[in-house]
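Letters A, B, C and D mark the chains in the order given here, with residues in each chain numbered from 1 onward.
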Amino acid sequence: MSASIVIFYILAAIILGGGILAVTAKKIFRSAIYLLFSLMGIAGLYFYLNYEFIAAVQIVVYIGGIVVLIIFSIFLTHASGKDMEKPKLMSVIVSAVAAVFACAIVISLINNYSFVATTNTAIEPTVKNIGRQMLSTTEHGFILPFEVVSMLLLAALIGSIVIALKPKTEA
Amino acid sequence: MFLKEYFGTIYKSIKSLLVGMKVTGYYFTHLDEIKTEEYPDNRATLKMFDRFRGEVVMPHDDNNEHRCTGCQACEIACPNGTIKIITKQEILEDGKKKKRIDAFVYHLDLCTMCNLCVVACPSDAIVMAQNFEHSVYDKKQLKKILNQPDSKLMQGVE
Amino acid sequence: MRGLIEDDYVTDEGEFVINIGPQHPSTHGVLHLKVWLDGETVKKVQPHLGFIHRSIEKMSESLSYRNFIFATSRMDYLAAHINNEACALTVEKGLQLEVPDRAKYIRTILAELTRLQSHLLWWGCTGLDLGAVTPFFYAFREREYIMEIMEETCGARLTQNFMVPGGVMYDIHPNFQKRTKEVLIQIKSKFQEYDNIMTGNVIFENRTKGVGFLSKEDAISYGVTGPTARASGVSCDIRKLIPYSAYDQVQFDEILGTGGDCYARYMIRMHEMKQSVSIIEQLIDNIPEGEFQAKTKNVIKLPKGEFYQRVETPRGELGVFIVSDGAASPYRIKYRSPGFSNLSALPLMAKGGKIGDLVAIMSTIDLVIPDIDR
Amino acid sequence: MKILLTYSFSSLATYIHNLLAELITNSLLLQVTEMVILGVSLIAFLVVLCFFLGYMERKVAAFMEIRLGPNRVGPKGSMQIVADTLKLLLKEGLTPDSADKFLFNLAPVIMVIGSMMVIAPIAFAKDFQLYDINIGVLYVSAVSSLGVIGILMAGWSSNNKYSLLGAMRSGAQIVSYELSVGLSLISIVVLSGSLSLGDIVRSQENGWWIIKGHIPVIISFVIFIIASTAEINRAPFDMAEAEQELTGGFHTEYAGMKFAMFLLSEYINLFVVSAVAATLFLGGWMPFHIGGLDGFNHIMDFIPSSVWFFSKTFLIIFIIMQFRWTFPRLRVDQLLTLEWKYLLPISMVNVILVTVMAIMGWHF
């Protein structure tokens, strides 16, 4: 067993363990921290695959941004120290079904996909190439998803402002 | 003008910060301005002022004689009950009985160095010493007897 | 009382109660402030006192008129000399004793030196409270010179107890005048440096300007005195209004501010230091010859009656109220300490500010906790 | 395993590698051994560095405050910090009863790991770089944002109101100041055309960016220093700690070893920030070169590159220390005003200026 496989399994364990703990943790703040570990593991996986740019973006966006945001909102809800309430039976069932369904889709996708090595030379994942690809309007360009994602983020931003606005005190 | 005010603020702020840094920078580069006294090392040269009130002492002369008549004026003057004078009756050569001090007990741990006992003393028997290193390991050591053993009252002091 | 305390812990949704003190770096002693917060914003402050109460007033009732003075050194330990002076003046008032001019001059000079060192320490501590550590050491350098003068003449650095009813305990030390003049030159040369490192600093200005506003009306109704009140425009300098000791012999200005905020209070004290320097300069060369102490009886007994004397300490007006029944020790003593009244205005000033503002306000009203609790 | 093999140590590293390769034939074992050696030597270096920085901070503070500073333990007090560290290590590591023990103990570790990770892409000398990642600048700004998680964790898990307030403050502070730091980094990236710290150093062969880049780069240098001082929570921006307001902020409840780890991470952060500033703006290990003057440049090359790097870094460390010992602390809202009203707009405009400058080739 080579070092690289060992590292892969360690990363996988961090990702999966973090994910499972995030779901099962009793306290919501701890959940957020376990989620952080899971996301860190994913960033590590990107590093492992030599996608440094994606890894750094993963850290900036998910760890520096999303998790901090989540922690902030946890702080602001004032119940961060208490154990979370047990979910209702109905929602447990629904989410279990959803999880099983998603799992099934992923497994079937993996099973049915024939992993054939491409004959095209791979594009080097440098910043320059990623930037070109991201903003190109040609056939395999990502300008449309890119813009859609930014619209989504804008909507999320406005939404969070609306939620954060203090409701007017009823006199 | 908004922009003028904006940049004016920035200019003034940076200037004031640099002026402040100049002060600290000056002292950083002028180490002769350092005022620290290295206390236990300079013991030999460290001289306290004459009037500095360190502790109450009772001076004795070469013949082991002090000036305290045991009048207890200091004991009354002390606001904290620091001083306790224990007297005894002593028979002089001419057969007269006289009040003499047996022990001049001074509780340094109670003393606030207010100097009132020294002012109150009619015969200048006690003075303030300049010693300030009073730390001891046992509080009992702070209870002092100021008159030396077998000391006598100085002739002519009544 | 019990009900009141229980009510304190009832909080609204979203309120956050923190206890600042009794052990806290910026309360300058054992003051306990209970602070209701909304995020960082202070909604309400409630000072809790009494952690260092030593019942100096009650203690003084069993001491003779000569002795009770020493206890006041422990009240406002940064202005021990002025506290002592207040007591001595009250006793002299009761005895209708005329104090020799020389004693008056010495008292005034020492009082102004005390004010200078107290303000210097306050200046350093204000820097410390706002997060700048270095000014503290610069202030202490100059303060050290003044302490040496005190030590040489009075025999002690902080709790001088140099005052006796009728004058001062000893004559001044032969070096006193020379040394004082040297120190004044030294201090005057450093005022510019103080301005450079603190007063003009943009962060300091932002931290203090418009923070902790106290209106003139509030200052009067809360009984605030001293530089804190003068910053709000209340003329309350006892040295000017009811001159005692040698203050009628000197020219000086009562500094009045208008801002009522922390910056105004800061500037008042900075200017007061310059005024103190000028007062000492006017007096130091003109100390009249003569006795330094009026003759008093061995046991001082005040006539039956009530006597009140006010003096201006660095923090404000200190009043000493003595009720005498004709015995050798006072029947009742009451000190009207400046810190207590000044602190009472803190909840008003701190409301609506941030925690950082609370610290700035506390340091600019110059709290000395033993003075508040006595 | 490209990650660990891209570090380009000079002959020493090659020598060690060859030596180990002879001794250990198993490739897995070899890699693990190399990793361990690398990690241990890095940690040892950082600890020694922190000792030095601690000593330097005390002396700088003392001299600015007309004091002597530590002068009892060791020659000129140089062993004082070692003694203090030993004391902290021997002290009982208290954990409050009502704290969330797992997170409470994890937080200092996260802080130290976060700050140690940033060291990786920094070039200490010519051909002496742990990991010349091709996105070095992005990596630095990404990983340095891990510190805020540690602070938030420490503040929350202490179950102390002061700690929580400190954590909230530092969260708001670090998240907003990251923008200015990023933008000022971008101005150098625009000029040098690379995200790799190695390339950025090499791009300054004919002059450092702070000289080549005229006023816009000086502005971004100043903004970088201010904003990164805020990002590493040092006075005058030590809102999270704010001794006079929050007694100790997020680390109020920490003692002993765990507290020492916070100190360690603070000093590593200080070093990293200064090293990044030195690399980007002052040429890193690159000697002082003036384009065209070959004779002069040649003389400058005689000074070893590591001396250049460390003298520049320590110059910036000194400036940041002087900030701390000169200025009062800002208030929490003024801190955000400074960022959103002054630093951010200025650095945005500045990036545009730099971009124009880079496109038009107005720099040297």
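In this text, contacts are C-beta pairs under 8 Å (C-beta built on N, C-alpha and C of every residue); 3 or more make two chains touch, one makes a residue touch a chain.
As the structure is a prediction and not an experimental result, all values here were calculated from the model.
Counting only chains that touch, the fewest steps needed to get from subunit A to subunit C is 2. Centrality by C-alpha centroid: the chain sitting nearest the overall protein C-alpha mean is D. Counted by C-beta pairs in contact, the busier of B-D and C-D is C-D. Each chain gets one centre point, the mean of its Cα atoms, and the points for subunit B and subunit D are 51 Å apart.
A straight line joining the Cα centres of subunit A and subunit B is 71 Å long.
Between the CA-based centres of subunit C and subunit D the separation comes to 45 Å, rounded to the whole angstrom. Centres computed as Cα averages put subunit A at a distance of 28 Å from subunit D.
Shown for subunit A are the residues that touch two or more other chains, of which there are none. Listed for subunit C are residues 134, 141, 197-198, 201, 203, each touching two or more other chains. Touching two or more other chains at once are residues 64-67, 168, 325-327 of subunit D.
Viewed as a network of touching protein chains, the structure does not reduce to a path, ring, star or complete graph. The list of touching chain pairs reads A-D, B-C, B-D, C-D. Those residues of subunit C that touch subunit B in the shared complex are 63, 66-68, 70-71, 73, 134, 141, 144, 148, 151-156, 159, 161, 164, 169-170, 173, 193, 196-198, 200-203, 205.
Touching subunit B in their complex are the following residues of subunit D: 60, 63-68, 71, 322-323, 325-327, 342, 346. On the side of subunit D, the complex with subunit A involves touching residues 1-3, 27-28, 31-32, 100, 102-103, 106, 133-135, 138-139, 141-143, 145-146, 148-149, 152-153, 156-157, 159, 164, 167-168, 171, 175, 178, 195. Touching subunit D in their complex are the following residues of subunit A: 1-4, 6-7, 27, 29-30, 33, 36, 47-48, 50, 52-53, 56-57, 59-60, 63-64, 67-68, 71-72, 75, 80-81, 126-127.
By the touch rule above, subunit D contacts subunit C in their complex via residues 61, 64-67, 161-162, 165, 168-169, 235-236, 238, 242-247, 325-334.
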